[in-house]
Amino acid sequence: MATSSGTTSVAIPGQLLGPASKFQPGPGTHIHNANLYSSLLGVVHASQPAKPPGPAKRLTKITVPTQTPAELPTLSVSRTGVSEKREVLPEVGNTVLCRVTRITPRQAVVAILICGDTVLEAEWQGLIRVQDVRATEKDKVKIYESFRPGDIVRAEVISLGDQANFYLSTARNELGVILATSEAGNNMYPVNWKEYMDPETGLSELRKVAKPY
Amino acid sequence: MPREAEPSLNEKQFIVQALGEKLRLDGREFDQYRPLELTFGDQYGVANVTLGKTRVLAKVSAEVTVPYVDRPLDGVFTIATELGPMASPAFEVGRPTETEVLLARLLEKTVRRSGALDTESLCLVAGQKCWSVRVDVHVLAHDGNLIDASCFAVVAALRHFRKPDTSIASGQLTVYTPAEREPVPLSWLHSPFCVTWSFFGDDGETALLDATWAEEQVRVSSCTVSLNRHGEICQIAKLGGVPVEAVALLQCTAVALTKAKEFSTFLDGKLAEDAKRRNKGGFMAELSSENDR
Amino acid sequence: MPLDTSAYSLALLRVDGRRWNELRRIHAQIRTQAAADGSSYLEIGHTKVMCVVTGPSEPGSRRGAIGSTGGGVGGGAVGGGAAQSKGAEVAVSIVIAGFSSVDRKRTARGDKRILELQSTISNALAASLHTHLFPHSAINISLHVLSQDGSLLAALINAATLACVDAGIPMTDYVAACTAGSTSTYAANDEAADPLLDLNHQEEQELPGLTVATLGGSDRVAVLVCESRVQVSRLEGMLAVGVDGCKQVREILDRVVREKGRRMVQEGTVEKGVGLNDMDVD
Amino acid sequence: MSDRRRINGPVGATIPPVSEDGASREVAGSRGGRSRPPNAIRKMYLKTGVTPSASGSAYLEIETSGRSGVSGLKLSCTVHGPRSLPRSSPFSPHIILSTHVKYAPFATRQRRGYLRDPSERDLGTHLEAALRGAIIADRWPKSGVDIIVSIIEGDQDRETSKTQGDESWDLMNALSGCITVASAALADAGIDCVDTVAGGVAALVSDKGDASPSIVIDPIPSEHDRILAACCIAYLPTRDEVTNLWFKGDLPASDTELYTKLVEKGIQASAKANRVLVECLGETVG
Amino acid sequence: MASTQHVLLSPAELAYLHAALSLTPPIRPDGRAPAQFRPLVAETGILPGTNGSARICFADGTEAIVGVKAEVERTRLVDGATAGTEWKEGGSARGEGEDDDGGDKAGDSDWVELTVEIPGYRDDDAGTAFLAAMLSEALLADGAFAKRLWINRRFHWKLYLDVLLISPPLSYPLPLLSLTTHLALLATRLPRLKSEGDEDPFFDDDWAAARHLFPRSSSSTTKESARPPVTLLVMAVGNNIIFDPAKEELAVADVALAVSVAEDTTAAATTAATMDLDDAAAPAARSLRLLSIRTIDPPSRLTPPGVPNAANSAYGATTAQKQPEARTAEAEAVEGVWRAPRGGAKPLVMAALVQKVLEKGGVADEILDALDAVDLG
């Protein structure tokens, strides 16, 4: 039994990992009457908590303090090593890489390729609505001045969306187009926050450019 | 399911109003057909009918199969209609649209159930061997009045068709190639033709023959009458739509009869032409083993 | 079994003892089912059908499933604006019970004949119902055939009409239907042939016949279906008898509806309103 | 509902003629009895990850009982997904489970068509119910997973052809196999489950020899003269919960303890199968 | 599929329903007692064209019609003598159908064909197949029923049951269909056989002389159970057991079972084998027989979960930057917030459900008594 020791060991679905009072449920685990069970076939990881998360941002309204006791280690069961094929579902807050497939004046339809550091097996479709392209001056945003089909975009999931699409947003500096090809078909490099330039032709095209790291 | 692009309100109104003034877009009379063309293929049983822009191709094929157990004395006779995307974007390959179903049913009732083809003559060995005659109707272009065109094509193709001659010697069935024996026509009883009326106006006072696709889209109801030249109704189908005066319907049938007779004579003429074209010098006539009926 | 029509010429009585212009017993009920928006049960002789109407309602996905099994209803140009966004879509689905006919047979859902019936009924009703009052909505009519003995289409149309009345869907007038036939088969071209009203199964097999549906009391024909060979001269007589029969049928349907209405007033299920007042007159 | 896509073999008589040796003939009267103790299930072989193209897969084989002509159960299950739902389908906060159980045409004495017949659909529904309880559906919103179990060889006794009533009991064995193999495949696919679920069958049988009927687990219908009742159970051992119960037969209601005993045995059988499952899964990692 | 059709209830409604139903005593939306069925209107013999027919209308408007038709069919010769080589031809149409053949008058499950029609669902829909399988399974679970169709060694009756759901499926139609089938079978009559022995059978034309498939007189000496089975739908919420749940109630069920029972009026068991199991029940008393149980996959598993305030960002829950595959926050169930049930049901609960159905004077008894009251036209 892989219990509180936290050393890597194999867990199978339904295997007892320890009391829920001692651990935080991580991915691949679930709680059943006050005990932490594995819900995946995989390797158990016990991660000591990072520094207690301070008040991330000042909340504008009074709320019940929802800080989980931070000193508990998080138990998680990951599929790494079990099989390289592992599907993850984009979640609200994840950063994803996607390719623009279709643009309309209202939105850009993208195919999500990579979620976090995982290459996705299945084809998940996403949507970047015009009001989610940019944080400021949203009313001036034009989709065709921000994306073109074929661009590779880094975006953040803001909602599971409707039955078909995840809703994505690029309304942050480090989000936006990270790879673009010009009309001429050459790879371009970013010149400023809203322009890519084609090295060959020297022409520049408008994009919502992601701030390079 | 992709739906047919509807004509705009203006178009609709224009058509209706024009009809109100006894005018059709293409300047025809109300009871006038578009020019009807019929050409036969090189091989037997291929009829290509064009009615204005509407174009239908019917092909007849026959093979020897086992008859159905419940009808050991009858041959198999099937009519297969296919409305592909080629005819109109509204048609899919997979699922039959309402139009296709109704067309298939109409042909079925007109040609098959009216006994135009003597299925018993297709029987070779009772309960064991029979001809299976199959008509494939391909709609190549759809510009209204599919029913009349297809029906005409089917009848023409069937009457033009020749099936290989056979003989049964001591229970041994032999099917002769055209080289050995001249193929024989099907035993044909009567030739029914569909005539479709389209009704316009709030209570269908205006009646049109051979409506184009545009007209069909604005019509309020339609009625298809199938007759042969002996004045026998094989089938009438007014499937819903705006009600029409009974008297009007009777008049329609009367006119339809004359049209059917025209069709009949037209077809006979074409067949005769084709026959002449086929046996130059007429020595085929001596070769052919069949006596014409 | 060949039906000997010689007997007819002697006694002028049909196989089931009717005169040439007699309908069979028609028994009908409306509001037979609590759950449905509208429902009806109708017998013509031994032909028994049941109808359940739901809607006008939002065309949901599951409803759509019904519509699709009901065979692309009203999609055609003759749909009277059905399936277009302007008016409500009239989706008809017919289930023919396995035990309905004499020797049991299962009819597949995709049967062309059933699809034809479905679209016929849908188109006929779509023309008489005021579908334009319910844009972007669907009226689902599901019909069940419990027992068939001729005049199936007519029975279905009548049942559907009653159910629509029960559902309170505004319509121009009843769509009443019945069948008419003619003695002696198509081959014989005798002028002595009498038209017959309301064919039963046996007569339908043997004799030429047609199904007529008219709008209310008028002579206006909504549906006219003839599936057998018949001399064109014979048509007029049959049609006349059929139209007349439809008038009779309409009266019967009307009586059923009024009777039910009156009873509901008495039971106080509905308050006696203006609509019911002029229902009582005439 | 006929299959027009392919050319089908003749309906019915597709069994290779079995040359019957006299030995098996005269025992046919009392067919070779049960070779195992009543509380033992047959040996089974389970392996996951057999189909590389699928996101999860498993293969299950149940030992054939010793006698000739009796084939064991061979199942293979593939799991595809989680994948995005078709655009037509509405938003679902859960993973949509769709299960298909299909007999290979050659799996049984009676040739199966390519189209799923009602009994196969029925099995599929049972399997769905059994798995729904096991998976944690809300971990995968707006996604779907297809679980396809194909029965390569249903355990049937070629010798005993007359007792076609057995087929219904075979269904139960098949179902329990399906559940077990599907559970393994799900774990292999990395879909969250509250527990591993395995199927078990217990039956109330009466043999010629003994007077009073006895309860055995994992019965082979051809080994018993009569099966009075049987139940197939899908059981979650660590939670001690039953996700699917399928009982069939004829029991007097007057003594329910007989029924409860039967169910207990079924749970036992499931638990035994589960051990194999757990072992197999344990091996796959690391 | 019929059981898991989507229920349009908000998590709050579900939570409320669940709470109300798990009270003691449970408070049902329509104010019924836990073991109380919906009131129903039943009539039989409505279709003269059939051998037997019945119609049942539940108060909530769901309505079903069942028609039974019987045809004489030649029995396929599968005899014990030639067991080794003979196999049954063309059983392709088989599917749902079980029996265990005992005794000389062997019954065959193929002699009964049951089809279910639910408006709006394809007839090869999995749910429909499941329903049909369940109904015929109960019918054939004891070989007794098929034996009734035995004419002579060469011929037998082929029984077609067509089960029609007239109304759209408001609630899970199983109980309705089962009860209707029960009545239809009770009303079913077969023409009286005039021929003897194995000759080709011919029958008495007089319908009045036709014998019932299930003889009326309860003092019949037949060893078979004198009534067709009934299938009851029973579900559990918390530790309450609720019968004949409506659609909304089923939407919060922890577990739902379909239990089929039949009675035999005589204490004699169906077969010699079960004889000694059957601990002496008083001959007069109705003794029930348990025929089949199936777990119905409750739609509750597909219901949308509620969001507790703690996790609701509207209440200031900080949605911290989550790395992928950190799934939806796993939290303990919060009181009053709906969560779709996970896992299965405890064996004890299941046992309790069945017990509740079977116990003497239990619900099954009541139902059968109620059905007795229906006069068979």
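The letters A, B, C, D and E name the chains in turn, as written, and every chain counts its residues from 1.
Everything that follows uses one rule, which is that a contact is a pair of C-beta atoms (placed from the backbone, for glycine too) under 8 Å apart; a residue touches a chain by one contact, two chains touch by 3 or more.
Here is each chain with its UniProt name: A = S1 motif domain-containing protein; B = Exosome complex component RRP45; C, D = 3' exoribonuclease family, domain 1-domain-containing protein; E = Ribosomal RNA-processing protein 42.
As the structure is a prediction and not an experimental result, all values here were calculated from the model.
Of all chains, the one whose CA centroid is most distant from that of subunit E is B.
Greatest Cα centroid separation from subunit C: this falls to A. Every chain gets a centre from its CA atoms, and the centre nearest the mean of all protein CA atoms is that of E.
We define each chain's centre as the mean of its Cα atoms; on that basis subunit C and subunit E are separated by 35 Å.
Remark: subunit A and subunit B have CA centroids separated by 62 Å (rounded to whole angstrom).
Centre-to-centre separation of subunit B and subunit C, using mean CA positions: 29 Å.
Our note on geometry: subunit D versus subunit E, Cα centroid distance of 23 Å, whole angstroms. Within subunit C, not a single residue touches two or more of the remaining chains. Multi-chain contact residues of subunit B, defined as those touching 2 or more other chains: none present. Listed for subunit A are residues 28, 30, 32, 86, 89, each touching two or more other chains.
If you check the complex, the residues on subunit E that touch subunit D are 1, 6, 78-80, 83-92, 94-102, 108-109, 124, 126-127, 129-130, 132-133, 137, 141-143, 257, 261, 269-271, 273-274, 276-279, 281, 287-297, 301-302, 304-305, 327-328, 340, 342-347, 350-351, 354-355, 358, 364. Taken together, the subunit A residues at the contact with subunit D in this complex read 10, 12-16, 28, 30, 32, 37, 39-43, 79, 81-83, 85-87, 89, 121-125, 160, 162-164. The part of subunit B that touches subunit C in the complex is made up of residues 1, 3, 6, 97-99, 101-102, 104-105, 108-109, 113-115, 203, 216-223, 227, 231-247, 249-250, 253-254, 257. Residues 71-73, 75-78, 80, 83-84, 112-113, 115-116, 119-128, 186, 210, 214-215, 218-233, 235-236, 239-240, 243 of subunit C are the ones touching subunit B in the complex. Across the complex, subunit C is touched by residues 5-6, 46-50, 53, 57, 59-63, 65, 67-69, 71, 115, 117, 119-123, 160, 162, 164, 166-168, 170 of subunit E.
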